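Okay, so chain A shows up in both of these, paired with chain B first and chain C after.
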Partner chain A sequence: MSSSSIVSGRLRLSFHRHEAKLTCLLFVLGIALAVTAPRFFSSANLALLARSMGVLLIVSVGMLNVILAGGIDVSAGAILAVVSVVLVRLGNHGLPASAMLPLGLLAGAGLGAVNATLIAELRIPPIVATLGTAGLFRGLLLEWTQGEWESSIPPWLNSIGSPRWGGLDASVLAAALLILAAAGVLHRTQIGRALFRFGDSPLAAARTGISARQPIYFAYISLGLLTAIGAVFYAAQLGAVQGNAANGYELTVIAAVVLGGADILGGRGTLLGTFLGVLLLCSLQQGLVLLHVATFWQSIATGTIVLFGVILSSAQRLHQTPLLQRSPSA
Partner chain B sequence: MPPSALLEINSIWKSYGGTAALRDVSASLHSGEILALMGHNGAGKSTLVNILAGSTRQDSGEIMVEGNSFPGGVREARAAGIDVIYQDLSLFPKLTVAENIAGEPTGRFSYSIRAAKRAAAAGLERVEANSPLLAFLDRNVEELSLAMRQRVAIARALTNDSRILILDEPTAALSLQDTDHLLTYLRKLASGGVAVLFVSHRLSDVRRIAGRYLILRDGAVALSAKPAEVSGNALARAMFGDAEENAAAKPSHTADRTKNNAMQNVLTVRDVTRRGEFSNISVTLRAGEIAVLTGLTGSGRTEFAESLAGLRRFDRGELHISRKPLSFSGPRSAMQHGLVYVPEDRLRSGLFVRRSTAENLVGATKHLRARFRFLGKETGRAVTVITDFGIRCQGPDSTLETLSGGNQQKVLLARWQMAGARVLIFDEPTAGVDVSAKAEIHKWLREWAAAGAALLVISSETDEVLDVADRILVFHAGTLVLDGPRKEISRAQLMAAMLQGSALAEQAPSEA
Partner chain C sequence: MTSTSPAPASLEKFENPSATFARRLVDLRLSGHLQPGVVTLLVLSFCVYAGYRSGDFWSALNWQLLTQSLAEAGLVSLGMMFVIASGGIDLSAGAIVGVAAVTAGIAAHHNLPVAAIEAAALAGGILCGAFNGLLIGVLRISSILVTLGSMILFSGIALALSNGSSFAGFPDGLLWWNDAALLGIPLEFLLFLATAVVAAVLLGYTLWGHYVIAVGSNRVAARYSGYPVALTLFSVYALQGLLCGMTGILLVARLASARADMGQGLMLMAIAAVVLGGGPIEGGSASVLGTLVGVAAFYIVQDGLLLLDVPPFVQHALTSILLLVSVATGNLLRGNREDRR
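Here is the complex of A and B:
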């Protein structure tokens, strides 16, 4: 029995190993920022950081679902743009919040369902399917708006985006609630576990009788829905939107999830890791802005840290603790 | 043995596009019984297993589980208490042992990792006191050894209340010690009332465990009997067929060839070993000779051939080509020394099926000849080859996926013959091709050998071995158990060597 408790003790230490490494990375970054840009830790700046994380967190949770199921979605940025513009444009025409919010969420879920259908029914590889729909969604949006800016947003949307609670806004609260909800779904429901199983080994999943479609629909629709929720805050925070909004946003989202230790091949990933990935990316960006670093350097730094994080997590797998070569004694 | 069977298979027929995979197969399996399902490659074992697993449906015939008709379907099979443990185990490597064992959560919102762990622990306690897996419930399956993973798969089946356990080649990749553990464990399970269908090639394992043999040949039941009732020869005959000895019908080409060539040694390996795959193999391949390497699946023959071709490395031993000691750094370097390996799985590792016939014939080996030169037009040359080799296709530009299996195989063989290799290794060159293409391929092999190439052909088909070979090599469990001229080897000797690693057919097998 003592040996088994040693095993489980070691396990608990190594269980969130990638998350532990990310935390160390965060500490290093924090110390560096404390020295070079002490203003980073002012309460006003921290509130700003939290606000900048809200939308990214919400969309990243959806992307985590997709990546867990062994998929990828590069149309998330386009979905975000479509929903933001729909909300603002129709809202400016006088439609009330009570109609607009459900409509926006429905639009997001619907676009996610388009992706899911292409992937689950027509068996199009996710990267190709979503690349296609990304162009399609965005093109239709630009056609509709003719490239014009919506430079004002309806008052109800404005109030959603306005800072309260000491500089925080509703996106922070929403992100926190959604992470809790996602934790419940991923860990406590059948469909949540099916995501892990399906992404880990579709063949084994089929042999245990898991549907080959359900996890795909769930993943992409949930991403669409979460992206739509993100879009509400995105538009509210910006105060103005146009058809080219959130161009390339999906890449930041994927970077954050992968930096958080999710396996791009599916089956492995955690909400905690995703949270840390988002926190790391946003802190870095915010810090570099405070230091007045040129934009291209920000991009270099972001790229480097994403690669570094991914190397950390794959190095762990390369040199995995020696296999338990114990054979069962009958 | 209880009077009524747990599993009853009544007259199952199944065919795939005109080829019968199962013909009128009937069998029964009782609670507490271990039934060994054996058969050569393509005998229909996998088809039968897939039907029992619910993933394939039979054309006709009925399967009864505990007296109820089993309708087919993966979920239905599980519900009926049938669980197949495939060779790949179908576990979820990135999930914990507990989650793998607890399996599919039932309620839609009732799942939790902690509950899964409790369920797994309780399940394990129920099916086996002090299961060794209890210590590893929190570990990911990918961290476990193969034998342990197998135990997880079995535990998952048992906690799922499966009473019929089908194991597909469970000992193929296990060490001797782990095999011992597994067999003991299975015996224990059987004494607890579980019915085990043990699908295996390994006669030595089967002997130790089976209460009854079920042997399929060409899709039909060739033998169903208790071990005590069957001699080793009868077993071999059931597996390989009882075509009478026809050594007399030896083709005359061998004699000619022997005269024409001085039987020059082209390739020699001495004491080569790869741990866990084969050990201390010494073989010489001679110009103008066809050596046929055979052995059951898992005997290490393909691994050996791949190592010769530089796809794997020898742990120990030497390799000489034309008396020069060499070590290949990879297949490219093997090819530069005139050694070519043509894999069995032509679609996945042999051909470029989405490219044209011309490109597959001529273009595919161009990099070996011209690294920095521009690649010229290949169509003209390809047309000649297509005619010469009698490849049936719609012109040199037709993509390879439009060709029949036999013609695809011809393209593959023609490609490498043209590349001018001195040593050609073919892994199952006639697998899955029709009879006429097969005859043609055999003819080529003889022509190439006559032209002075050294050929090593891997085949699991006894008739082909006897028909094509000048020399026969037999692998058993990673060792070379037989190496001799075709003339001196009888069918019975060949089968005995394949089955039990003994060159003596007369040697009476010990009764299990």
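Here is the complex of A and C:
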């Protein structure tokens, strides 16, 4: 560990710089919003912002695990839809919360395990494997629901989503707890550290005795589990779900994690950066809503800010390693 | 990772390097053709089954309709093939199709001649592609990140340009692309085949094709060899933009309307088609024939399932399974070499 401390120290410094840039960007956005839409900083709106961040934050922490391990998962939106529809549909049939919640989490972890198996055992490239499972999960889900809406949710789910504690709901608390837990796992456990090293170089990790499969299983199953937790709050907040729910959600999640400075090639990324990425995306969207900007301008602004963040973090990496830059892969 | 033996013992590997190299080359050659072969076999047996179960499957009308939508996805897939061969990926392809369709719609709205409408759509596509190419080739940012951002950006631009509504009232000259046929073969499909031939020539017989493969295999080595890496990458994404623009025109001609979200689903479809055809997602290799097989497999299977009265959502799931099974089979047949990653 001591030999790598210099390198990791330098890396940590550079990533703090990326997070410093993100914070600056947030300040600029905050000032712009304070001038144009002072209502943004009212306590009611801030509570609303926190609620809108909860689910995205929970799923993003899982996606960070996967990206740290050098993978990617485009089936997260489909998993979110499957779990939320399962929860609401079976819940509406009268199954109690004590049975449904474990079942939902188990379903999420199971779907994550399917991804992990395809990637670790059959050696299908992550983007292809999850592309396939996204279509598979979504197709089976739509066949099950026949595209119909579940327009009411069971009362226990409703109470999970209802705001308390000054406008905040359980998703905010859960997101905070899960980030703390993730910080503990990523930095204080063997499997967490293995994730970074495996993502940086699977070959080097194998040479130091890290399993070639374990980090993959850990990353995708944890994403599945966290997505399932997110799905509970997603369904609870919306109050109605259908098979096409969360279509394209995975791309928002990946955008948030990447905006937070995580290296898409694996091995580098921080929870703080991910949090800032989610905060930036959500406050931008919330601000534009307050300014009564049409939806398509919101997506133009979101795309621009994602590109801007990507350029910020890449420019700095390019500066550090001009020649030995790894060729980007999918 | 296959050689887990310690360093001194692995020296024997170097006794006859040329033999290992030649064998590896043969392996690579074989693996390149293996997966399209597997897919072709699966699809052919499916065709026999579908023809046996449904009388409409081999009808001329079915194949005419099939090849039209195949042509649209095929053009994007050809562009995606070059992008993936150059070591990248383009998530914004569907959004570019939307931008091209909407620009065509705006041009038609202003009663411009057909040629100007087509030029507008192509220009819209090329501009979007060039934007990607600039960031990826010149600023050297990872393609997946750039196109993730530009996908959101372009779909927003397409929506803003169209104000969220759809365009109609296109001149007959443009709709001609959909109606015209030669010897019963739809013109769209012939255009696609011609483009595929051009793509094969570009890939196999020009310096540019060599550059694309070299950049995809090892970008650093390509740079040290003095290849124009930035220019190559830029042109690859610009070409993808052009092909997306063509797809936009064909889509507008077939549906006689233009919407911002027209290209939805085409991006994933194109990536899946390239991979199904045996193109490694890591880049450095490409086959036009493989891509043709990949995209045809998707559309033939989807069409067959439709005729077999399989519910639409199950069709979707089954085509996904086709992708997973064929990639996994290709991997297993290739001997599960672990040095890929």
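The definition used in the following text is that the second predicted complex is superposed on the first by the 305 of 330 C-alpha atoms of A that agree within 3 Å, B and C clash if a C-alpha of one lies under 4 Å from a C-alpha of the other, contacts with A are read in each partner's own complex, and residues count from 1 in each chain.
The rule we apply is simple: a residue touches a chain if its C-beta (ideal position, glycine included) is under 8 Å from a C-beta of that chain, and two chains touch if they have at least 3 such contacts.
Source: prediction; values computed, not measured.
Touch criterion not met for A:93: it reaches neither chain B nor chain C. Once the two complexes are laid over each other on the shared chain, residue contacts for A:196 go to chain B alone; chain C is not touched. Using the contact criterion defined above for the overlaid structures, shared-chain residue A:292 touches neither chain B nor chain C, since it reaches no partner. In the superposed pair of complexes, A:255 makes contact with chain C only, with no contact to chain B.
Counting the residues of chain A that each partner touches, chain B and chain C differ, and the larger count belongs to C.
Using the contact criterion defined above for the overlaid structures, shared-chain residue A:206 touches chain B and also reaches chain C.
In the superposition on chain A, A:188 makes contact with chain B only, not with chain C. Within the superposed three-chain model, A:268 lies in touch with chain B and out of touch with chain C [touch as defined at top]. Chain A uses residues 203, 206, 323-325, 327-330 to touch chain B in one structure and chain C in the other.
Contacts from chain A toward chain B in the complex involve residues 3-4, 7-8, 11, 15, 187-193, 196-197, 200-201, 203-210, 263, 267-268, 320-321, 323-330. Interface residues of chain A, counted against chain C in their complex, comprise 72, 118, 122-125, 127-129, 131-136, 138-143, 146-147, 202-203, 206, 212, 243, 251, 254-255, 258, 264-265, 294-304, 306-307, 310-311, 314-315, 318, 323-325, 327-330.
On the chain C side of its complex with chain A, the touching residues are 1, 84, 87-89, 91, 135, 139-146, 148-157, 159-160, 164, 218-220, 260, 268, 271-272, 275, 281-283, 311, 313-321, 323-324, 327-328, 331-332, 336, 338, 340-341. Interface residues of chain B facing chain A in the complex, by the touch rule stated above, are 53, 55, 74-75, 78, 84, 86, 88, 90-95, 99, 103-113, 132-136, 138-139, 142-145, 147-148, 151, 175, 177-178, 180-182, 184-185, 188.
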